[in-house]
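Lettered A, B, C and D in written order, each chain numbered from 1.
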Amino acid sequence: MSEAQELRRDVAHLGHIELFSPKPAESLRFFCDVLSMQEVAREGQSVYLRAWGEYERYSLKLTEAPQAGLAHTAFRAWSSQALERLVKTIEASGLGKGWIDGDLGHGKAYQFTDPDGHLLELYYDTEKYQAPDALRPALKNQPQRTPDYGIGVRRLDHINFLARHPASNRAFMQQHMGAMLTEEIMLDDGTEAGTWLTFTNKAYDVVYTMDATGSSGRLHHIAYWVDNREDVLRAADIYLEHGIPIEFAPGKHAIAQGFFIYVHEPGGNRIELATGSYLIFDPDWQPVIWSQAERAKGQAWGTPTVASFHTYGTPPAPIPEDH
Amino acid sequence: MSEAQELRRDVAHLGHIELFSPKPAESLRFFCDVLSMQEVAREGQSVYLRAWGEYERYSLKLTEAPQAGLAHTAFRAWSSQALERLVKTIEASGLGKGWIDGDLGHGKAYQFTDPDGHLLELYYDTEKYQAPDALRPALKNQPQRTPDYGIGVRRLDHINFLARHPASNRAFMQQHMGAMLTEEIMLDDGTEAGTWLTFTNKAYDVVYTMDATGSSGRLHHIAYWVDNREDVLRAADIYLEHGIPIEFAPGKHAIAQGFFIYVHEPGGNRIELATGSYLIFDPDWQPVIWSQAERAKGQAWGTPTVASFHTYGTPPAPIPEDH
Amino acid sequence: MSEAQELRRDVAHLGHIELFSPKPAESLRFFCDVLSMQEVAREGQSVYLRAWGEYERYSLKLTEAPQAGLAHTAFRAWSSQALERLVKTIEASGLGKGWIDGDLGHGKAYQFTDPDGHLLELYYDTEKYQAPDALRPALKNQPQRTPDYGIGVRRLDHINFLARHPASNRAFMQQHMGAMLTEEIMLDDGTEAGTWLTFTNKAYDVVYTMDATGSSGRLHHIAYWVDNREDVLRAADIYLEHGIPIEFAPGKHAIAQGFFIYVHEPGGNRIELATGSYLIFDPDWQPVIWSQAERAKGQAWGTPTVASFHTYGTPPAPIPEDH
Amino acid sequence: MSEAQELRRDVAHLGHIELFSPKPAESLRFFCDVLSMQEVAREGQSVYLRAWGEYERYSLKLTEAPQAGLAHTAFRAWSSQALERLVKTIEASGLGKGWIDGDLGHGKAYQFTDPDGHLLELYYDTEKYQAPDALRPALKNQPQRTPDYGIGVRRLDHINFLARHPASNRAFMQQHMGAMLTEEIMLDDGTEAGTWLTFTNKAYDVVYTMDATGSSGRLHHIAYWVDNREDVLRAADIYLEHGIPIEFAPGKHAIAQGFFIYVHEPGGNRIELATGSYLIFDPDWQPVIWSQAERAKGQAWGTPTVASFHTYGTPPAPIPEDH
């Protein structure tokens, strides 16, 4: 069995994301007041936030910094043994950086980067969230009371990295993290312009999108999940009333068929609210390849992708003149 | 042309309702925090509340009183002339009480009762709501910012009166207020057990339900409108988290096909959230008559009507032993 | 009282529309198979179609013709007396054409045009639909069984006429048909670029949109109603599977806040599926005026209006070079 | 590592179910016309059916038999190696029956029973569905065109077995199939009255419910998935128009929080349409235990569970007098 097969599902799920924001107070209000996320701790320049349906203590670490962008992305391993296996192969890849003590909420973590330079982490030991009395849910099979204000995102859903070469990052995740490629865009010249990868039954947990600016290490977006398509429409109205410009109004993606809405949080990072899509139960799923022509058709219902979606990311980067 | 035909549509719409509550502070929190209604004024023992989509200043006047129940129900006339016509015929019915100065938000009103003794009012001059800056909507064609907390009821929808004899009240509304009968329940012995009446294109604005306790002047429920069926389901979860017992969980009525959920607000009055149903454009609508057997089938999808729905109302009244 | 006030609500509702189609067989399949409409009769070059929730026999007459476009639009009067009043004032306007025998499903009708030349009709006597046994509904308060195939449009909702001068047509409808202006777009130079009018509690039944081609008598679109926003999203997927190009993917209008999707039926006429919006109960509604700058902001959530929406209509007309 | 840990996720997913029906033609019409399932083959007394979103050839084998009930339930293994591991431990349990040649659509399968006597199967080799031209989807990342008639169930979701002793079956699935217990009902005397188990990220794939009749090997229900809660409400109306009695109208379960509707298909087997619920990403999920008192509270929004839900199953069995 290949390394990839041994590792397949050694990663349990996308755990948490640390975002940089040059407007931390405004970003915080966005995540807390509009997305209904809960502040669980503060430390130094960082605030730790959770969504109501998450079992771990937090999924978002918001850190003040001069520029917006992605600080690090962490994945939880399936078990201690799975963590060991993953670390061993990542070390062998040459992209490992080493063990660090755990951060708030989780135990020791192994740091590494993907080929594009995004800082990643793997951990296993984690702290399960315990709701304080005021946030006790009516139904005991959820971690926390469902918020009755704001959009009420349930959980972190996925991350979309911008990268110079999605292909090498896709390969890294497959070979060294056991990810499964579910869908991708292949241009006429063979370039993989976008790759969708999963560690779970979800159609995707991680995406690599070609960075039109030629930069490395940038973020396209992070996504939080809401349960129904009507929740995405309701979110659009909430964004509108909050004066938050909507970059890409509610629609359905062709790729992975998610129903989406995109905005930029006040610090500049692009945030998606997602639902729909589909689950994959087939252990031998064959990736769906979209051609350049198919991609040019736009979203599922023919809506052209907004121009900024192809170039904007964080931190900001100049768009080449020939774009 | 009969009196009813002349008056047809002289009433523009159900305007506002005054409820009594023995727990005014808790009732207020229910309407404001859970239903997202807005307090616009206080006067004496009363608080005036509006829903975000209403053009008048308020639709609910909440008044402290020893018992829950219905204080009065007010309808807006189509015009001054329409008001005059209505008052003239009501005076002739013998049920008129006389003119009163307007209350907060509206001009002079003519007071009367229906045959069952419910206190009613007709007015025409009214104050249009002007949102303060903090509540300015993003879209100028709505009176107020859409709330992003609570259930976010859009507007008052209808009232359901308990009465000893729905038939005589139905006849009064038809003959002296120009109401149109849209649907009704006729028992095998010819008794009208429930009558649904409209002044608008809505399938109903007013209902008379037979009071199983034999009392007069009681209230079955008032209803506020939400836009989508998913909003009713979401409301159920909000009620659950707020610890508000759900009397009748979300379902679809056979009569007028509304999608509903019922609770008792803390003061005891039954409150419905409603959506769905249908609009009637036919000026010559023939009422739909449901037989006793048809009524016994329960709600649209076969759910039995909860027992308390047949007996509970406000103010409380003892249920006869033979019920 | 002005003529307009006397006539106010003398029109009960938009009754039916006759569309021309150069591809009658394909158009028929679109309306029947995709929109789930029911064929009730054929006569000559025309097929008569109804939506399941309509009380009259049909709302759409589909007539074979060399070009797509609008044959005529019919409105039902509130009563015989209302019809008389309307006819009298229309005759006085000079735009009357005369009485005609009724068409299938309705009695004698008075023909006239609006200032732009669209052929209009008013009638009162109408035939109420009686479902054949196979289409008997489970719930007796609807005319027909809810379809379980296709999109299942409930009823005709509104018509949007293209016109050289929306203002004069808006004035005609107000003065000679008792319509109420609810919203409009006023360009910086005072031109009314779009006017939304109602005869009912709906935010609009009729729209006049400026024809960018300078033509007269053309159609922008007709709209059918579905109950929930999710039904519009579902319709998008149904259109996609049927290979029907989606001109304007699901979104929310700023004006009247309807939730929409637009396609061209096979004959070329633009068809909208609509839901949402709001009801107007205020008899003294003040029209909402949108400025040119406000209009340029696009739809409710910022989506730009698709370019063809500004120029395409039926019958086809050349777009001026300077557009 | 324990046997359970080694096997954890060796089962990929619930594959297909074979139901017995004494009314095969009527059952077939139910699944095909109402649930929109597709017939893919017939063989002997059996018809093979698929839902549009499934990657394998079918999920339901409908077999004519004198009584309704469950013929067999099949699970797909994650890999050939996983299948080997599973078979080894099941053989050791004493409940193995042996290998059989594959049925239509899948390769060799290992037959066994659970402690209650339900006939189960494990396979790995399977046939991927290839849509014929007429069923080609518009979006290439789904196996088949989305149906535009009927309810349009996407995929098989779960099975609920009736059993004398849920506990021993729960233990068997955990120890010999690597299932994870997610939620359960524990009566005051320690009896496990219901156990919810998963092989995937779904909150459950398999349920064992105590059989109130004391019988063995019966079926409580099978469930198909629809995407939105509005789809469940729409399904209720479709059932209504088709004259299919609704056993348990749409509502929300407390356990696993699924949104449901239950009917009996014409042969008598109980069929659920399900959506909502939640996904579990935690590899160390601690089962949620509901007490007898908590269970008595009814469904999530307080609706009592319909009485037949506690006793009815297939094949029919007499309800003990003391129940």
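The criterion applied here is as follows: a residue touches a chain if its C-beta (ideal position, glycine included) is under 8 Å from a C-beta of that chain, and two chains touch if they have at least 3 such contacts.
Note that the structure is a prediction, hence the values are computed from the model and not measured.
Between the chain pairs C-D and B-C, more C-beta pairs are in contact across B-C. Distance between chain centres (mean CA atoms), chain A to chain C: 44 Å. Remark: chain C and chain D have CA centroids separated by 47 Å (rounded to whole angstrom).
Distance from the chain B centre to the chain C centre is 32 Å, each centre being the mean of its Cα atoms. Multi-chain contact residues of chain B, defined as those touching 2 or more other chains: 139, 228-230, 237, 240, 300.
Taken pairwise by the contact criterion, the protein chains are fully connected, each one touching every other.
Residue ranges on chain B touching chain C, taken from their complex, read 1, 9, 12-13, 53, 55-56, 76, 78-79, 81, 128, 139-142, 154, 183, 200-202, 227-230, 254-257, 276, 278-279, 281-283, 285, 288, 290, 294, 300. Partner chain D is touched in their complex by these residues of chain B: 228-230, 233, 236-237, 239-240, 245-246, 249-252, 259, 261, 299-303.
By the touch rule above, chain C contacts chain D in their complex via residues 34, 137-139, 145-146, 148-151, 228, 230-231, 237-238, 240-243.
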